[in-house]
Structures are given as structure tokens and as C-alpha cells.
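Have a look at these structures, which come just after this line.
What follows is chain A paired twice: with chain B in the first complex and chain C in the second.
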Partner chain A sequence: MNNIEVSALARVEGEGGLYIGLENGKAVEIRLDIYEPPRFFEGFLQDRFLQEVPDITARICGICPVAYQMSSAFALENALDIKISPQARALRRLMYCGEYIESHALHIYMLQAPDLLGKESVFEVAAIAPDVVTNALRLKKIGNEILKTIGGRSVHPVNVCVGGFYQWPDAAPLKALLPDLEWGLQSALDCVKWAVTLPYPDLEVDYEFVALHHPDEYAVIEGEVWSSKGHKVSIADYETRYIEEHVKHSNALHGHTVDGNTYLVGPLARLNLNYEQLLPRAKQALVENKISLPIKNPYKSLIARAVELVQFYKEAIELVKAYKPEGPAHVELKLKAGEGTGATEAPRGLLYHRYKIDDNGMIQFAKITPPTAQNLPRIEADLFALAPQIVSMDEDKATRTAEHLVRAYDPCISCATHFLKLKVEEK
Partner chain B sequence: MTNHKPSIAVYKFSSCDGCQLSLLNMEDEILDLAKVVNIAFFLEATRVIQPGPYDIAIVEGSITTPHELERIKEVRRESKILVALGTCATAGGIQALRNFEDAGQYANTVYAHPEYLNYLKTATPISEHVTVDLELWGCPVNKAQVIEVILALLNNRKPNLPPYSVCMECKRHGTVCVLVDKGIPCLGPATQAGCGALCPSCGRGCYGCFGPFRGANVESLSETLQSIERYPGETLRLFRNISGYAPSFRKTADKLLNMEAKK
Partner chain C sequence: MRIAIIGIGQSLRGDDAAGLTAVRQWQEKFPETASRPEVRVEASELPGLALINLIADFDVAILVDAVQSNAAPGTIHRIGEKDLSAFSSDAKSAHGWGVAETLTLSRQLNQKLPAIRIIGIEAAQMVMGAGMSEAIEEAIPLACEAIEQEIKSLL
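The block that comes next holds the complex of A and B.
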């Protein structure tokens, strides 16, 4: 095959490039180059007051700011040995429902679906299937409305603080979302039905799935770090098994296990490890649509996202119905020196934070491991697995299939990728 | 109007994607917008890349690498009107915190092999490098303001943006002043309106993400804030944050640091 060069991989977040080196029709080198400029968040956090941290870490990602706020808030609460009230915990889950809904609807319909429908963008999809896109936009908007109602705005909401929330949101505007949420649940169920009919490329990978696990709920904000290989560690011990390294071709760090293996975080990992904790309605959707687990095809992450849309719409309905703010919205902080860890499931996967603070609540050390950093080596490995298939394709199809794979991961390369160059080179 | 649909190109520099996401978050408007403009370059939304020149370039992010420095000049050459979108593009944003420290030290903190990195010591607004026709502040920008700016450009008029501070928005909403009533440090009096006074309506102080309000008496506010700090250095940290590289906030923070040094 001749060299393939695509000037840009679109419909992902951030800047990167893709290089596939071939020898006798076999891939010998694959690199996902991350050009996304280095952003020094852990550095900026030094010597900031702990209550500023959720506002600063939100700025890591415009698409999943809530995840960054949540992981940092839990980590700092852990450092201060405080526990938020059950109502605040429920409200954080509701907020996370909003983020999952907007992020998954964006990814399913606007970023990945065009690949499966042979289109370049959601605008082209709108030309052939206007109803699908109109529904998709409404599905997404409702997620943003949840965020706005609780946090003031959907991108970088302002209400989360260490200790809980600055203020309870009024119940009335939340309850007013119920008709929309009920509509969203039905649409999400339709989304699963539609998702299983799409023409996914073939690729089965023997992943090590890693996700938070909680015995009583579909893990999002607390739990243990479980792996499909049977390893279970507490969040505090996360770094004893999962480490990051800085490789030359990437401004994002690369994650692997202490044994040097790659692993996968995100919707497939969550669904495969935690399907027993899904709400009955979401479980039923699995059965109705004959979805058998585990799903090992990365392209089919879309199906897992669709099932999660059902889960989080249903959960949002329950949480909104039960919402009854009582008592203080946040715990008063008693400052002391310490160290704390926190992990939550961002829509793209496990997001781990660790902080050290001094007596005055100033940050001495910060470590943040985003989901995409953990998945990058896995994306490269999947491209290796895909290479034998794509070398026999024509250039355009090969490029699209490789790009589609990267997109299916929903990489957040700003957490990163606006210039993902695919270069296939015969050595 | 002629049949010519104005072309729009959306670019990302160093940023979180949140401001261009505000375009995709126009759930009620985006399909209509796509009918009246030609979305010629918007990688977060489409693989299609139409060649320039473009009528309107919307630029998100600050300039933090040698490559971005080159690229912003190309964008300027390709575009009739250049809009800087969001506080990263208008003031360097959160990334500009590196301008006050040694970026090399940050690189050492975050990356094991800083020698692999290629970055500038500073994160700077677009206007430090090329002529910017219109600036829209916000971290993130307010979607309604983005729509207003696009409509204004399409209709060849000046966008209607509020010429007052966040305080006015609180008054308009009937939000009780957090600074006067509760003694909570708030940057609202010195911050450009546009967000809808979200933070005070959540019972907390404004942290200035829409940038300085031009007519503000920043010095006087700084003195007031110092008298009600909840922890030492709070005023300094309020000014030296997301909009910290904007000139009036930068000067105020520098002054506070000088006072600190003289003590």
C-alpha cells in the first residue's frame, strides 16, 4: 500500500497524529502522536487553596468538567477525613448523570455515528435522517439542562465545592425536568435498539478491563478499582498497580499496569464489569436487544454508551423524584495537613486524583491520571490488531477504519486531537 | 443578501474544548445555523475541510507552542474576520498561570522527560500575535453571547454585549450581594458581565472568569477583599487565576505580591 496521509482526524477532542509503519504488508510500528500542547495543571495547582481546586481542574476538559470536579473534591475530602452528606452524594450522582447524558449523546450521534452511516458529520446525517438528529440534540440538551440547573452552566459548572455543594439548587426547576427525562428514557431505549443494528467493523480484543466497582450501585463516584483479570485494589492503592510513563511521541502520559500490560477504561470496561449493578430498566434493555457480555469490540463502545444512556436517564428520574434538600449543603471544613486520593468514572473512564495539603489547606502536590492517558497505549495496540485488515483495503477505507477506531474510544486528548495525521509508510 | 453563504472556520489552540463545545451545545440553533452559514472547517464536528479563505474564523485557546505561533498567523491570513472566543483566546486563560512562574519547573513537576516537550514559556492571548477583530470573553463563553456575535457578524452590525459588571446582573436577578451581606470575597464588581452572575446566585463569590470589567475600580476592590480574606493570600489568588494575565488583574496581583515582599 502507498503512503496514506490524512491531514486531520476530526470529531475528537484535542490534537494528535497517527503513524502506521508497514513492512511486507505487516504493521511494525504504530504511534498515536499527541501534539496537543502540554498543559501544566498539576503545576498550577501547587500552592493554591484546596477550595480552588475543583474550579481549576474543571478547566482540564470542557466536555467532562464534572468528572474533574468530582474526583478532586472526593480526593480533598478524603485528605481532610470528611464525608459529605447522603443528599450531597445523591446530588453529585445526579450531576454526573447530566454529564454522562450530554457527553454520551454528543459522542454517539455527533462524533461516532457519522462513521457508521458513511457520513462526514452530524450535518450530513441530518440531511438524510433529520428526526434522528433532532432527537439526538434533545437527548443531549436534557443532560446539559441537568448540569445547568444544579451548577449554573453545563461547561465548568460553579456549584461543586470541597465538602458538598455551595448551595442546594431549588427543587422546582429540577422537578420541572421530569417530563423531558421521561422522554429521554424512551429515546435512550430507542437508541439502544438502533445501536445494535449499526454495521460495526470486526475486531475482537482480549482486553484487561479496569473500572470502579461498587456493590450497591453502578459505580461512578466511589468504589474499588476492579480489573477483569481479577485484581481488586482500593482507590488509595490505585498507584500500586496502575502507573503512567512519559513517552517521547506524546504530550500525554501513557498508562499501564505494574506488569507492563495495557488496559482499557471507559464504557466497555464499566458495562462488562458492572452489569449486575445496572438498574433493572437498563438490564432489561440488554436482554431485549440480545446484547451479550462481555463486549470486546472497541467499535461497539457505542452500544455500551447507549445502555449507559438508559441507566443514567433512569437514575436521573429517580434522583430528581427523591430530591429533597435538607440540612447544610456542605460540611464545614476543618483544615489539617494530609494526603488524599479520589477516583470517579468520567464518561471516558476512570479518573484518579491524589493531593497532599499542608495545615493551611494549600496544595503541596497534585497528581491527576485522566482516562485517555490510560487508554492511549491500548489504542495503539488495537491499531496493531487492526493493521492486517486495513492493509488490504483501499486508502480511503483504510484511513476511515483506523480513524473510526480512534474515535470509538472517544479520546479526550485536550484531555487532546485536532490534527490527527494518519501516515502509513512502507519501510 | 446574496446567495453566498458566509463561511465559518473554527480553530482550537491550547484549550479545554469547552468554548467550541458551546457551538455544539446550541442544540436548538445549530441545524438552523448550518443552513445560513457554510461550516467550512470545524474539526470537532466534521471531517470535511474546505479550503480558505474564510469569512469568519472563530479561534479558541491561547498560544503556547512554537507551532501554534505559526499557525495563528496562517489563520489570520486565511480569514476576513477573526473572533477570539473565550478567556484563553482573549487573555491566555488558565494556561497563562505559567507566565508568572518558571514553565520549566512546571514541566519537571508534570512530565518525567521534559526534554521531549516543545512549548513556549508563556501562554498568550491571540491579540498578542495577530489583529483580532472581536473578542468574546468567558471561561467558558456564554452560548447566548456566541449566538449574538454570529448574528451580528452575519448582519453586519455591532454585537450587543453588556457594558457593565457582574454586580449589575446580581441586581437584575435580585441576588443579595454576597460580599456586602455575607462578607464573602467576590470579584463581581471588577468582572465583566455575561455569565448571568452564576457564582453569587450559588451563594459564593465570583472568580472572574469573564475577565476584567473596564470601568472597575480594581484597586479599591482589592483593598476591600484583603480586609475580609478567609485565608491568607485569598485576594492574590482571586486575581491571579483564570483571567490573571489580563492587564488590570495582572497589575493588581503584582502589587499585592510587592506588598507581601516588603513585609
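The block that comes next holds the complex of A and C.
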């Protein structure tokens, strides 16, 4: 078989290609080429006032803007030693529910399901199962509606600020979403039922799963960084164990542990590490559908996303019912020089931010570590693990199986492209 | 009759800003039409699948967007939904859900959609960065006229 080369990956966010070099029926080189141009966000955040940061970082991604707002807001609140009110914290979780819902519905049905059903695109899925796609669009829309109700618009919402929210959203439009949310919960339960029936390729990987962990809730916005190998570090100490480095073929950095090992962030890591903190309804869905954990097959991250759809629809219902804005929407900021870290669980995995600010609250240094950068070396390692299977397939099927693996990760290449240093070597 | 006028495109990608610019300038030039209660004006950089939600409640949607065919840069195309395939993008990423793909999917699912009219402005380049080509800048007033005529023919 010839080398496998996909010049532009379809159904992923951003621009990248895939290269698998073969010699005597063995994979000798695998590269996920990330040629999407670098974004330089960390550079142009410098000398900006801290309150501008959440709305600027939100622009990194159209699918997970809330994650970028949340990690930056928490990091800057830590730098100023302030704590947001319990109501603001609950509203941040609700907003995050909206993001998980729209992002997971998009990925499950539009991006990955076509692979599992042997179809080229969602158009072909719509031809054989129009109801599935109609429901998918509605599931996604409800997530966007949550964002719009809290943040004024369904993509790149505003309103999150350092200290809480600029203003409380009205309760009535949020409560009006309840019938849709109840429908969404039922639909999400059906989604889990359907997800376990799909034909996943065989691949078991002994991952080091890494995710935030919180003792009292399914960790999304705060917690400790846990690893399935038993390592536990605080968010402030994240960089003592997890580092990024530049590799030649990628405009996105590659994440490793300090021991040089790859690790996996995202829905599989969260579900495997935090299933005990799932809401009862989501736990029940695991039992009803005989899903046993840990799941170690990367293709089956679709199942984890479906379980999370149940979790976040259910949690959204509870949070909307309990929503009762009281007191100021944000705490007043007392500016001082300092440094702060923040990490939240974006739909695609752990998203870490660190900022240094001066006395006037101007950003002196910014570091953003997106989930896809952490997963890129892991995707390449998985492709090596997959190679013995695909070399015996015909070229078309081999290419599809490899592409499917990349898509199963739901990589967000646009988010991941950032350079810290550009080194030019002259020969 | 409820009419939605949607400017589509990326303001930081050369001539792809044409749709947004044309709708904005039309609003300034024809404030009376633009402020009528049955008319709703939206600027949407990359609506993707959400385009359906933007237009679902209207009788007619006028989409104003940059297009690339083989016409001279700045040519104003007044086309219908059927003609769209000639202009459809081949982008398949989640960020790249184009107008044609989104409308096709919606029709395929028998969703209720308004009548679609498209005003396309032929682009010369869609490179990174702000600023449109001269031919496109010159065509914007013509696009404004086309929007105004289209609405006038409906009201």
C-alpha cells in the first residue's frame, strides 16, 4: 500500500492534514500536520486591561467560546484574590451547560456519526435518518439558546466578566427554556441508547487520562488536576507536571507530562475519572445501557459525549429551576499586581490559562494551553497503534479509519494553533 | 410580509467583507426602508448552521454575500436558491458550513424556510486581513441599490 496522505481533514474545526508514511507494510512516520496559521492571542493580550481578556479569548473558538471566557476569568480572579458569589458560580455552570450541549450535539451527530454510519457527510445521514438529524439540530439549538439568554448571542456570548457577570440575565426567558430542556434530556437519553449500538472500530489504548476533579460535582469549572496514573496537582501547579513543546510539522504546540509521556484530556478522561460525581440520572443511563468504565477506545468517546449530554441537560434543568438572581452580579475589583492560574473543562478537555498583571491590571504575560494541543501527540500515538490494522486494508478504507480516529478526538485545530517562539535555523 | 436582510461574510478576509459592508451601507443610505417594522437587518460573520434559526420566522430572506464564480470582480448577481450550487463552497469543516450546505440540509429535513433571494457580490480575493479590492469597493453602492430594489419589489 502507498503512504496515506489526507491533505485537508474534513469535519474537524480548523485546518490540518494527516500523513502516514509506510515502509514494508509498517508505519514509520505519522504526522498530524497543523498548517492553520498561528493565532498569536497570547501576544496581543499583553498590555490589555484584564477586563478585556474574557471577551478577547472567547474569540479563539466559535464552538467553545465559553471555555475560554471561564478559564481566563477564573485565572484573573485568582490573580486578584477575589471569589465570585455562589449565584455567579451557578450561572457560570449553566452557561457552560449550554456550551457542552451545542458542542457535543454538533460533534456526535454532524462530525463523528457519519463515520460510524459509513456516510460521507451529515447530508447522507439526513437522507437515511432525517429524524435523527432534525433532533440533532434541535438539541444543538437549545444549547445555543442558553448561551443567547445569558450572554446576548448564541455564538461568542458576552456578559462574563472578571468578578462574575456584567448583569444578571432576566429569569423569565431562562425559565421559558424548561420545556425545551426537558425534551432535550429525553432526547439525550435516547442518544446514549443509540450511541451504544453503533459499530466502533476495535482499538484499546492504555491512556493516562487527565481531567479536573471536584469532590462535590462533575468537575467543569474548578477542582484539582487528576491523572489516572494517580498524580494529583492543584491548578496552580499544573505546569510542574504538564508541559508544551514545539514540533516542526505543527503550528500547534504538543503537550507532554514532565516524564515525556503523552496523556489524554477530554470526554473519556472526564467520564473515566469522575463518573462518581455524575448526577443520578446520568449514572442511571450508564447502568441502563450497560456501559462499563473505564472506556479505553478513542472511537467510543462519542458514548462519553452522549452521557455528558444527559448530565448537562439534567444539570441545566436544575440550575434554571433554582435560578434566582440576588445581590450584585459581580464583585468590585481591587487592582494589584500578581499572577493567577485558571483551568476549566472545555468540551474537548482541560483548558489552562496563566496571567501576570501589573498594579493597573494590565496584562504582562499570558499563557493558554488548549485541550487539542495536549491531545495532539496522543492522536499521533494512537495512529501508530492503529497502523498494524490499517496496513492490511485497502487504501480507501485505511484512510477513512485513520481520519475517523482523528475526528473521534474532536480536535479543535483553530484553538490549538499558537506559537510561543519562532526559531529560524540557518544551514 | 416579514423580510430578513442578512449580511454574511468575514470582515477580516478581504473581499469576503462585501456582504456585511453592503448591508451596513444600505442601512445608512436607506434608513426609512431599513427601519420599517416588517424588516429585520442582521450582520452575521459566519452563521453556519445557525442561519436557519436567523431566518426561520420570516416570509422572505435576502442574503447578501460575497461569491466567487468566473464573473468580473464586483459583478452583482441576483440569484435564487436554485442557483446556489454554482457558488457553493467545498469546505467541510464545522467552521465552514456554507450558506448552500445549510439551506440544502434544511430543505432535506423539510424544515419551514422562507423564500430565499440572494444578492451576490463577485469577489476578487479572500486573503487574510481587512480591506476590499477596489472593484468591490466600487460595486458596493450597486449592491445597496440591488438590496433596496429587492425589498421595494416585496413591500
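Operating definition for what follows: the second predicted complex is superposed on the first by the 410 of 427 C-alpha atoms of A that agree within 3 Å, B and C clash if a C-alpha of one lies under 4 Å from a C-alpha of the other, contacts with A are read in each partner's own complex, and residues count from 1 in each chain.
Just so we're on the same page, a residue touches a chain if its C-beta (ideal position, glycine included) is under 8 Å from a C-beta of that chain, and two chains touch if they have at least 3 such contacts.
Quick caveat: nothing in here was measured; it's all calculated off a predicted structure.
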Chain C versus chain B on the shared chain A, clash or fit after superposition: clash
Touching partner for A:M110 - first (chain B), second (chain C), both, neither: both
Contacts of A:S121 with chain B and chain C, given as first, second, both or neither: both
Which partner, chain B or chain C, touches more chain A residues: B
Touching partner for A:K141 - first (chain B), second (chain C), both, neither: both
Partner chain(s) touched by A:Y299 [first = chain B, second = chain C, both, neither]: neither
Partner chain in contact with A:V133 - chain B first, chain C second, else both or neither: both
Touched partner set for A:Y166, first chain B, second chain C, both or neither: first
Touched partner set for A:F49, first chain B, second chain C, both or neither: first
Interface residues of chain A shared between complexes with chain B and chain C: 9-15, 37, 62-63, 106, 110, 121-123, 126, 130, 133-134, 137, 140-141, 144, 154-155, 414
Chain C contact footprint on chain A (complex, rising order): 9-15, 37, 62-63, 106, 110-111, 121-123, 126-127, 130, 133-134, 137, 140-141, 144, 154-155, 414
Complex contacts: residues of chain B adjacent to chain A: 12-22, 24-25, 27-28, 30-31, 34, 39, 43-49, 64-65, 67-68, 93-95, 97-98, 101, 103, 105-107, 109-113, 116-117, 119, 139-140, 142, 195-196, 198-199, 201-204, 207, 209, 231-234, 237, 241-242
Complex contacts: residues of chain A adjacent to chain B: 7-15, 35, 37-44, 46, 48-49, 52, 55-56, 59-63, 65, 102, 106, 110, 114, 120-124, 126, 130, 133-134, 137-138, 140-141, 144, 151-156, 158-159, 161, 165-167, 245-248, 251, 253, 360-361, 403, 412, 414-415, 418-419
Contacting residues of chain C [partner chain A, same complex]: 46, 48-50, 52-53, 92-95, 101, 104-105, 108-111, 128
